[in-house]
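Two complexes are shown next, each including subunit A; its partner changes from subunit B in the first to subunit C in the second.
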Partner chain A sequence: MEIRLNGESRFIDQVTKMSVAGLLEMEQVASPEMVAVQLNGEIVDRGTYHNTMIVDRNEVDFLYFMAGG
Partner chain B sequence: MVQMVQLTDKQQERYSRHILLQEVGAEGQEKLLNAKVLVVGTGGLGSPNSLYLTAAGVGTVGIVDADVVDVSNLQRQIAHSTNDLDRAKVESAAEKMRALNPDVEVRPYRLYLDASNIDEIIREYDFVIDGSDNFATKFLVNDACVLAGIPFSHGGILRFNGQTMTVLPGQTACYRCSFREPPPNPVGCSRAGILGAVAGMLGTIQAAEALKFITGAGTLLTDALLTFDAATMNFRRVPLKRRSDCPVCGENPTISSLEEHHG
Partner chain C sequence: MEFKITRQVLSGMVAHSREVAPCEACGYLAERNGLVEQMFRLTNVDQAPDHFSMDPAEQFSAIREMRDQGLRLRAVYHSHPETPARPSPEDIRHAIDPHISYLIISLLTCKRPVRSFRIQQGVLKEETMVIS
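Entry: the complex of A and B
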């Protein structure tokens, strides 16, 4: 399947769907608690990462928490 | 036509580059001189914000910070100099601001914002800029501004990255619509590091938003998160939506009192 991840095209081989948790792991996001995930413009509730599926042509954005000032 | 603009000759000269802008003009400059902006934090983001707002002739600029100037601040916090070490940050910054532009009333607040004092302070201002360095304050500023209906700019920086969004409470997505709750065990600049100039890049974007809000020039950075990575110089604007189930600006908010949620 092909998705848009953070505005860029990303081809993921041999699968037709993947959970949000799976994508975070595949992308090696070291601290998922420091990321808010947006799927097709909607924020995904943190408790549903394993059940929420990303499919072909979906748009995913990782919004990072930034505390610094 | 009503003539509301009464700039002095000196002000015509000082602000001539603003007045030249069709979107600002003498009327926009008059609005700036009558406006009040509060800058939360007098560090990496607060420094460029307070200096640019002062230079622009924003009539009243409040600055809030409880800290003193530390030598490790000077790599990026450009309102402070080497001879300001151990001085209160708000006093150090206020001195630079007053020297820069005597038109501006600078109001220093040497304190930590909390649920008991923030509402009274922000209600004095037309626009608030968050340049704080921790999530507790960022969420407090969001909630207090949403509850009081005061527009503000969120800003955050880390390493080579920056993010900012402008919030018009009740109209556009707030910080909590996307970020919900402060993360556990957050990493800040004191542990992760920050490229000094990144603070200037992000802080000046926030200052530009405040000037746009006051003058009505352009379109604001609302319902979007602007993020950039200075390592690659990629900038991106991620569209955001207001959430009907947002705990503070949604249809059935669970946060209705700062004392309860931030006490």
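Entry: the complex of A and C
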């Protein structure tokens, strides 16, 4: 499938769908529990990363939650 | 390591910090060709004098705007209204992204009210600020 990931086109071979959690793992994202994800412009609930599926032509963006004191 | 920033952005961060005091201010800094030339004020959803959390929806919007303008995320800034410009233990704990810098603006009267750090796995490295 081909998706748009953080604004750039990305071809993922031999896959027709993938969970948000799987994508973060594939991208080797450190501390995925601190990551916010948008799928086609909608923020994905953090508790559903394993169940939310990404398919061909989806737009996915992710970034780190920022906080401090 | 150097952190290059325009005087205009530096002044903008200080102005933002004073404007929202006594709460902490926060935002993104974006660069082009190694020079930070734009700031993105973001809402501190905690509205607290000793803590900040960015609004993820605003974060995504700011990142998109950077992309559209050919800019790149370079740093996160936030203010310390009542403490010096050095990362708190909480700042260090939340500094997950090793690819960006973390700027702190102190509103105390002090020698260096704005300082920039890289934070990797809890280890701080201060950057030299170069103002242009």
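Observations on the model:
Keep this in mind: the second predicted complex is superposed on the first by the 67 of 69 C-alpha atoms of A that agree within 3 Å, B and C clash if a C-alpha of one lies under 4 Å from a C-alpha of the other, contacts with A are read in each partner's own complex, and residues count from 1 in each chain.
One rule holds for everything that comes next: a contact is a pair of C-beta atoms (placed from the backbone, for glycine too) under 8 Å apart; a residue touches a chain by one contact, two chains touch by 3 or more.
On a predicted model such as this, the values are computed, not experimentally measured, just so you know.
After overlaying the two complexes on the shared chain, residue contacts for A:13 are found with neither subunit B nor subunit C.
In the superposition on chain A, contact is made by A:30 with subunit C only, not with subunit B. Which of subunit B and subunit C touches more residues of subunit A is settled by the count: it is B.
In the superposition on chain A, A:64 makes contact with both subunit B and subunit C.
Residues 7, 31, 34, 36, 38, 43, 61, 63-69 of subunit A lie at the contact with subunit B in one complex and at the contact with subunit C in the other. Contacts from subunit C toward subunit A in the complex involve residues 26, 46, 50-54, 56-57, 59-60, 63-64, 67, 76, 78, 87-91, 94-98, 102. Of all the residues in subunit A, the ones that touch subunit C in their complex are 7, 30-31, 34, 36, 38, 43, 61, 63-69. Listed in rising order, the residues of subunit A touching subunit B in the complex are 6-7, 31, 33-34, 36, 38, 41-43, 46, 61, 63-69.
The touching residues of subunit B, when paired with subunit A in their complex, are 41, 43-46, 130-135, 138, 155-158, 161-163, 177-180, 182-189, 192, 194, 199, 225, 227, 236, 238-241, 243.
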